Amino acid sequence: MKASTQDRSLPTEARAIGDVAAEMGIGPELLEPYGLGVAKIRLEALAALPAGRRARYVVVSAITPTPLGEGKTVTTIGLGDGLRRIGRRAVVSLRQGSVGPTFGVKGGAAGGGRSTLIPFDRVALHLTGDMHAVTAAHNLLSAMVDNHLFQGNALNLDPATISWRRVLDVNDRALRNIVIGLGAAQDGVPRQSGFDITPASEVMAVLALSRSLADMRSRLGRIVVGHARDGRPVTADDLHAAGAMTVLMLEAIKPNLVQTLEGTPTIVHAGPFGNIAHGNSSVIGDLIGSRAGEFLITEAGFGADMGAERFFDIKCRVSGLRPDAAVVVAACRERGVFLRDAKLMGSQLGRHALRVAVKSAEQNAEVVSEIAQAFGSA
Amino acid sequence: MKASTQDRSLPTEARAIGDVAAEMGIGPELLEPYGLGVAKIRLEALAALPAGRRARYVVVSAITPTPLGEGKTVTTIGLGDGLRRIGRRAVVSLRQGSVGPTFGVKGGAAGGGRSTLIPFDRVALHLTGDMHAVTAAHNLLSAMVDNHLFQGNALNLDPATISWRRVLDVNDRALRNIVIGLGAAQDGVPRQSGFDITPASEVMAVLALSRSLADMRSRLGRIVVGHARDGRPVTADDLHAAGAMTVLMLEAIKPNLVQTLEGTPTIVHAGPFGNIAHGNSSVIGDLIGSRAGEFLITEAGFGADMGAERFFDIKCRVSGLRPDAAVVVAACRERGVFLRDAKLMGSQLGRHALRVAVKSAEQNAEVVSEIAQAFGSA
Amino acid sequence: MKASTQDRSLPTEARAIGDVAAEMGIGPELLEPYGLGVAKIRLEALAALPAGRRARYVVVSAITPTPLGEGKTVTTIGLGDGLRRIGRRAVVSLRQGSVGPTFGVKGGAAGGGRSTLIPFDRVALHLTGDMHAVTAAHNLLSAMVDNHLFQGNALNLDPATISWRRVLDVNDRALRNIVIGLGAAQDGVPRQSGFDITPASEVMAVLALSRSLADMRSRLGRIVVGHARDGRPVTADDLHAAGAMTVLMLEAIKPNLVQTLEGTPTIVHAGPFGNIAHGNSSVIGDLIGSRAGEFLITEAGFGADMGAERFFDIKCRVSGLRPDAAVVVAACRERGVFLRDAKLMGSQLGRHALRVAVKSAEQNAEVVSEIAQAFGSA
Amino acid sequence: MKASTQDRSLPTEARAIGDVAAEMGIGPELLEPYGLGVAKIRLEALAALPAGRRARYVVVSAITPTPLGEGKTVTTIGLGDGLRRIGRRAVVSLRQGSVGPTFGVKGGAAGGGRSTLIPFDRVALHLTGDMHAVTAAHNLLSAMVDNHLFQGNALNLDPATISWRRVLDVNDRALRNIVIGLGAAQDGVPRQSGFDITPASEVMAVLALSRSLADMRSRLGRIVVGHARDGRPVTADDLHAAGAMTVLMLEAIKPNLVQTLEGTPTIVHAGPFGNIAHGNSSVIGDLIGSRAGEFLITEAGFGADMGAERFFDIKCRVSGLRPDAAVVVAACRERGVFLRDAKLMGSQLGRHALRVAVKSAEQNAEVVSEIAQAFGSA
């Protein structure tokens, strides 16, 4: 079944999302459609997919990107499409972009040119609401922190130590530094605080690193919001907040499935920023993706020195997955020089460091075949 | 097809949402599933449904409710279920509840007892993310207001007159009165402001009153955020914000379809508060519902003196629909006294005022049959 | 000895302040000169002056004044000068004006025209620094309140109940409502507060009502700054602040002596506002003045309904002095109508109500002779 | 005439302040008494004193002081007393201390032990109100800055660039960082600002550096409060504030005369902090003092690396006076080592560096005779 032509954001040639899932071995009983062309994958998929096989795991990072980006997402999508063109079953795994910068200069993390995700508008905006769920869970804890101060502060939390702010997925400079709790006595305890953008939320980092619902619940409970006057850390569990936060994230923990313009299955899940968080898509998404094809191509955000470091040191340590290749995107003038550097980096990374700076699947052919050959036995 | 038993929030006896829609005359080409048991109805349904027929339109309100509510939603659902039990095709139309009070005392506007909507958790929490889209659109305008001040204030907007605050769907007393724009020079212009709960947003009121996408775009553009120093109102269109706000609400404008525990089709769309906004579900939802059955039962929030007044004076004026009966829910000790009052109110409302204070479809039988008889020719 | 001609603010014909004091029976051992033409009277003067005699006590008030004032001070000074011209020993007693409004529209409470105090500049500005001492004592208590919150709040003072603000003797709208205690942790506890003008300080009211140094110390200690969470009032004594506040006011409690342009002895001491405090000059000043001449003419600020009421009900109750006459200044068109009203007010006040609206001693002659005759036996 | 025994703060053996002034060659026509034992010296004294003669000019500084101070003031007073004991006419010149720290740990800059100024209480507290006049002038400008913003900001002053804060002579941590201009529209323009302690005011620095009333008026006018949006500095003159500020400081510009416990004439005038301002007493005071004796002993605050540097580089450049000797106070264990260092510093200072760490005139004898011998020809 082709998707309806009535929807502006889904081209007529798009595959039905159920077909895309089927290519991954995910049947309709493990899928929850969320509007045309989008579905959530139920967590039960993890157990349902064959455990024995595991896809080759390729991480794409970049040199420190320019303000306009370096092309990591385009490359990641292009590699997936290219592998699929030469007959290999590939799955792409990406972070969800922030709506905030979408209305600014940078792209919405949905790729560009022909290396694009569809439905483009929904991937670039709300998708299935995970970003909003993170916002809601984060701010519920914030409200409970301030309400705790207001209700007598039984935990003796020192207001000057509270590091837990609030978040919104909007670029709003006026919220960076604010004073809250003003007004009448019942309007709370005055305090300096502020808002960060949602991808900077620790709740987002938790979502990205959780291996299961129970793991997420536990990680949420261990969040430290500040310190008591005796120096003891005060956690979300101390405030009895983590249960309600988990309820708010019951849908968000399920990975989202979309496709590239060429129909390659793409998991888009969690969006921690690379500069202030660990900059990688979700562990759950990669655990599912690694059982759903021959290749899993994922991206580590904001430069090899940040996102890729954290991919190796944090994300892989949590997921237990081991990368088979690393691709470092770089704008360069002299190809020779670059390749030498890339190989140097590659040797440090352990195995393969391959450079791509192309904008479509066709141009990626060289790298694609290199990857395919390197893992010919896959 | 029955929904999977794996989902905690959807009972095994639940009808597939496509079957529910089909009962309304809405085929799969007009439906966008959003997780199990939930779908959005495409706006094209308005034109696709038969224009000639129109359902009997029953509005349920109440005396000024107690802090624990008065039972309006339970009654509305009960009437729909009752009518359907006696063989009449009924559709229920309700507001979406706020997540904020969900974690407080009051119910989440999803009914109670056996007069409940399913999937209960999702109706009570994010549903399809409309509340979050309203939050995002509202706060995008807020950010653009403050950024306009920061960038030189070409419109000469007087900061002291800005009435456009920010919103979050959380009960957070500490955000009621805040000072924003503190910090370094690039962190904006200091100003007093604050957050309201999302159901109090004018964007929510706009969503509820819009007849079409173009109408919503136009209404968003006319929002007044404050006044210039020469007294002229400054609007969202003056700030070039309404286009982006509309983009953020492309999904939100599509009504959501769920079902009651007994399988009655229920449209849940828009959630303006009854005390500070007009307290009624969306015009688009009722326009679709009125062409999708014999009876359309809707609710006007927060007491007859507020929600019902605005139902008659504002919502019906915009939709062009005329109510056929009004039900006033009241807790009373002496039935005789109440009925006398209810009839008095009924005569004022124009036609039928019927009292119900029951908690399940069975107990609503008397009122159901009264309504059915009153409109026997329907 | 005449004052030097080098000082701009003291005319050459001014009497030496020692001569002015001598006319009151106050010798140099009871006088502390404070720059040319100004002296403080030591508190020992109270015991040193003859206790048996007591001057006739005349209070000057007015109808509710216009924004430009009604002429109370001019009349008070004029009456003093007039009585002295006809050979009676008169002493004038006035409040010290606020510097704040001095740079605004209204006069500096130093009279006008020929009914003026000298040295005009110093009376209008700092005089002997009493206003500043009140400011310092008030703000010392403010700092100790906030430091108490910061140091652990042993008294369990509820920040939301703190009514003790800060004061400055300047018209500064931007300080009316502020948030304090921002910045780093060591910069205090964030709180809403603000500044009032110094004449509105309760410390000023205390200065004006104290009968002695010990009385002032005791009154300062009883100042309530807010309430503990158990509802108990928290006082300056609870914070151990009143001793230091008293030290800061050791000079301020001594009345200041200046003269009118005609040389009439004039005590200028304390300046509580008439709208928010009791609006009368100091009790100590009047106790000394009442033993230092045949007539003591004083002024009750901001209209008979405010300052004069408080003169009778508060100031006289504290001082034990009983007024012999009340003069109500009023701008009127029909003299007959006014006199009838004034007599009516007079009968209410107990004895004499006399109207004057003149601007110099000469024009006051009628009222002066009326007062002098009424008390011919003095 | 001995001062009255009734005043607690002036010992019976104190000299009459007129006698103290006479020793300096200052007659009563140049003196304005300000309470017992205190007088202001009229600026006319500068012209009236003999211009030909000039006192030896000795500056006392110290190594970086401990939190409890190092003994600079005690040494300065002791040197003056010692020189006078051996028959030389010496005048001491000191800064006025801040009331703020007086209620804290540190001393009130009035010396200690037998090297003390009298009347001690008044020197330690208000003295003649100069500190308050600086506070008033400073805050008048602050109020005019914010009122300018409120009244339409004709100068296009960029609020984010305003560096002019407010001052109070009190240690009040809660005022360091505040938000002002909150409340209703007429309560001003919201802005971050704060209070410093009065000795940190640029107005205090101006008072200390002015050579005349006209010079002070001019320096006040050149104060920069912030910058216009086009980058141009905005001054007190631009705001038409400097005239009124000067009026508020007409008394403050006259140096204050008190005495040491041994009767040595001591000028106490201006009190800029050594850490944030230039840390030296007034130029006018030293210009008068340098014509009023054989030796003028002054102090440069807060360590030789700060106050003494600024004494040489700033104060002397403005006054035109050249120091004849520098005394560096230091606590040391090995006298030999210290003297070597002191001589090293002395050679850098140009001439004499002498160490004293004694607490009374008697113990200072060695240094006194060294100074006296060094300038035997004076």
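Labels for the chains are A, B, C and D, by order of writing; each one numbers its residues from 1.
Criterion: contacts are C-beta pairs under 8 Å (C-beta built on N, C-alpha and C of every residue); 3 or more make two chains touch, one makes a residue touch a chain.
Because the structure is predicted, anything quoted here is derived from the model rather than measured.
Engineer: Touching chain B and chain D alike: which chains?
Structural biologist: none
Engineer: Need the most distant chain from chain C, centre defined as the mean of C-alpha atoms.
Structural biologist: Greatest centre separation from chain C goes to chain A.
Engineer: Please tell me the distance, in whole Å, between the geometric centres of chain A and chain D computed from their C-alpha atoms.
Structural biologist: Centre-to-centre distance between chain A and chain D: 63 Å.
Engineer: Nearest whole angstrom, what separates the Cα centre of chain A from the Cα centre of chain C?
Structural biologist: That pair's centroid distance is 71 Å.
Engineer: For chain A versus chain B, what separation do you get between their C-alpha means, in angstrom?
Structural biologist: 32
Engineer: If a residue has to touch 2 or more other chains to count, which residues of chain D qualify?
Structural biologist: Counting only residues that touch two or more other chains, chain D contributes 179, 181-182, 189, 191-192.
Engineer: Return all touching chain pairs.
Structural biologist: Those chain pairs which touch are A-B, A-C, B-D, C-D.
Engineer: Over in the complex, which chain A residues touch chain C? Could you list them?
Structural biologist: Residue list for chain A touching chain C: 159-161, 179, 181-182, 185, 189-192.
Engineer: Would you mind writing out the residues of chain A in touch with chain B in their complex?
Structural biologist: Interface residues on the chain A side: 4, 6, 29, 32-36, 40, 42, 44, 99, 103, 121-122, 125-126, 128-129, 132-133, 135-136, 139-140, 142-143, 146-147, 150, 166, 168-183, 186-189, 191-192, 194, 244, 247-248, 250-251.
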